[in-house]
């Protein structure tokens, strides 16, 4: 991400000439400069939401051929262009975020087969807002969408194009508002043995990427309020995927010199859950003693 | 276990001649027939507990040299005799129960080093009642006991000899009583979404044998009362080890057509815990909705 | 209850002459000796269930006038006959079980009005198996059943007659089986602070008889398994009513010298619930620390 | 409270003449104008905390006779002056806050006896910061403090004088800081049946004022986040007392058309707890389904 252009402020975008405006937003829509070019004339925008609504309207009101061309301008997921390094920098970063740059040969072959079947049926590439997904959920969506009718699927593809555009816009432009494209995952540990927040508990978040494989997403330690100083995930969509939180409870109670069994009945407590709403707020707390715990989707 | 001799009833043992009595109990103490021979004269025994108390007394009252010889008569754990297949059938089955017959080269080397250090310090082999342990807990016990003084360690070794004998006795002899050498692990699933026992939930029990390795111990499905028809573990000591129960909750609620997220927030719920009392009763229930669960050491 | 006749064994009932049989079962159906008289010829009965099925069939197959007379033979609930002491001993005991002998003047007037309206609409007295109800739930049923059509209500009344008969039969006759007329309420306290059953906790069960009134039903103290030695309610239908369990948790933890706030955060923990299935099994456990608790309908 | 003087800003207090300063803070210490008079010369105060520290120092450094006089200047709790209406307006409002103006004759007699015993032992009136207590906890403190030595009790009384002064000061003077004299009680309801906050649940908070008596403190309804818009108690010390929260859960689930028993297993859920730290934050959440709930001291 080091080479990303610095974000530009909306009030500057409102003032620059049309060409600069179009350059600044180049790539928000993949290989479709006409969208941001058309938006230039609608300035000034009161907010980022206002700009996004305008862009959405331009896409929706475009003639069918142009909408189809917009969809066709996208690369295949995990396709040959990706393997050859011929993607836009946005697409490259996005596909990497879901691990599509680290597929096994079998997985690559699976994507290849799905891409072929999809092209054969619909005549355009499969588009999905990758940052809202893990690898498994992309495959699930791929298989499901293959069942759609052509018209439904074209609408679905355009909706994904707009989601991708919204995310890119939110990263490129600063304003007093932000687009509602971010989710949040947080936790909280209550020590119900002592009736207070559990401070100093190590917590790890893993994404479960297969039956037996997991990828460490982040680590944190709870503060005096039993929370992590920052959310475990925030400022981005939460990829639809399966996760595991690991709470290092045994070490916490051992340090407090609470009487424990040897080995302790509970040590590292795993909590597995799936995220299904990338823009949602997931709060997954733990209420624990050395002998019991509860967890739930909180708020 | 197919070639194990059939158990013999205590009231028969009380009536047969001394030689037959000794033969029937041959091997309850490893390479030490004098213990059961001495017990023959104390008959009749009112109960298995009575017989075991008598055997324990004979060991405790034996002269020091004989007690030391008893200890020395045991094989090394995961030692050369084991590798060469030169153990008694009891020892072979016991060592296999903790996976000592399936060690990696590194693990074998670790046992080898510990055996050498132990012999060098104490002059007799390391004895532990293997059926009460997993591989990890044997290694923990081994390292801890190396710190003991010779006298404490000789007492510890003899206590383990008596534990091994009690287990073998309990398998060989039937009586109206049983020796208190058995633990029990059970579970129970309450569906607190619907306020009733959760029927038809698949449950798996794994023993965690390393940082990333697990061994399936048993599978079951809950009945109309939310329990498994038989305990998950029973009729033997519970090996001191780390375990993971996996409750297939997502499939259960999906079958009931309860509204779920996609993917469901909770699917396979893992509960990790350790057993520290091989003769204890561990009840590990789950109270669950599609969005929350609690677990605890129950009774 | 002191003057209740001793129960008689089914195999004796199967052998005595018809008159003795009828006498033994006199009163199982209020003022309707013809039912048990007709049953005498169906002997022998293999079980109490068999006898009950036969009695039910006799009632069901009786001509309409006789069925109506059976219903009309019952006294009013909390009516003039009750106030004057002119009920059968069964009816007296039953009405007392729901507190109908201890009504306030307002409550008596309410029953009086309902009885009048019911007689006016249906031409027979309101019959309900009182032992399955608390005072509140009788009033609720009374008001609801006033909405029924005459035919539905006659069927309902006969069903209640058969329920009353089943309960009386179950008390009068011993056999290897019992009729499924009994419910059960039990509890269990887990101390999740220490990971073991909570022993020695005082528990009280109250029936909530009004907005601010409660009647102590029973008291108990938990044993070493965290349970009460006997169920809180058993061997009878559980009256449909609101209840409150009070768990004396503060005293329990104080005795264990667990560090507590002063006054303790939790002291007497009330759990309010309603019973809606008189023949059901209600298990209402408590999982508690000095700072938290959970309760649920268990099994 | 309608006639309370409007609070005055600290920066104004820092600028007015000495006499106006003393007048503005008149009554912060009962019948002891010398304390605020002495503080005037220490101006300007950087914060309310700074002013309070200065006042505390003046009291601590005063000669013993003056400290004793300060204590002796306070009225009896629930004493003759209170009954006759001869208290300062601050004292009147404070004693009313704990219900000391609504004592039964028995309670009044109990206070009278304790006041007499206390005067007899210590020679000064019993002083307690009433706003930090309920009636029961005042009586408990009264009885306990009667056991103190005279010196300990004089220190205790002065500490209470300073607490009373801090509270009055915090009400009288506005500044960028506030004194740490406030507690907070909040709640949060999670609907774990549906995995989201429970919106629209009526909640009542009662103070339990005797074995069978309760006083409604406040009512609220949960918002879309399952919380009440404002804390249940805040902006004041939380009186040390026993409380009961009543959550109207049955009505909430009935409105959602969740299948319930009739009557519902859970309807109004009472949670009883005590507050022992008047300046603490008590968060008492409820996690509930129609068949289960958990509560705990959270954060």
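A few notes on this one:
Chains: A, B, C and D, in written order; residue numbering restarts at 1 for each.
As a convention for this text, contacts are C-beta pairs under 8 Å (C-beta built on N, C-alpha and C of every residue); 3 or more make two chains touch, one makes a residue touch a chain.
Note that the structure is predicted; figures quoted are calculated from it, not measured.
Contact with both chain A and chain B is made by C, D. Over half of the residue numbers at the chain B-chain C interface are used by both copies of the sequence. Distance from chain B peaks, on a Cα-centroid basis, for D. Averaged C-alpha coordinates give centres for chain A and chain D that are 48 Å from one another.
Work out the mean CA point of chain B and of chain D, and you get 58 Å between them. Looking at chain B, one finds that residues 190, 192, 195, 261, 265, 287, 291-292, 294, 296-297 touch two or more other chains. Those residues of chain A that touch chain C in the complex are listed here as 190, 192-195, 261, 265, 287, 289-292, 294. For chain B in complex with chain A, the touching residues are 137, 240, 242, 261-270, 272-274, 276-277, 291-297. Across the interface of their complex, chain C is touched by residues 188, 190, 192, 195-197, 225-226, 287, 294, 296-299 of chain B.
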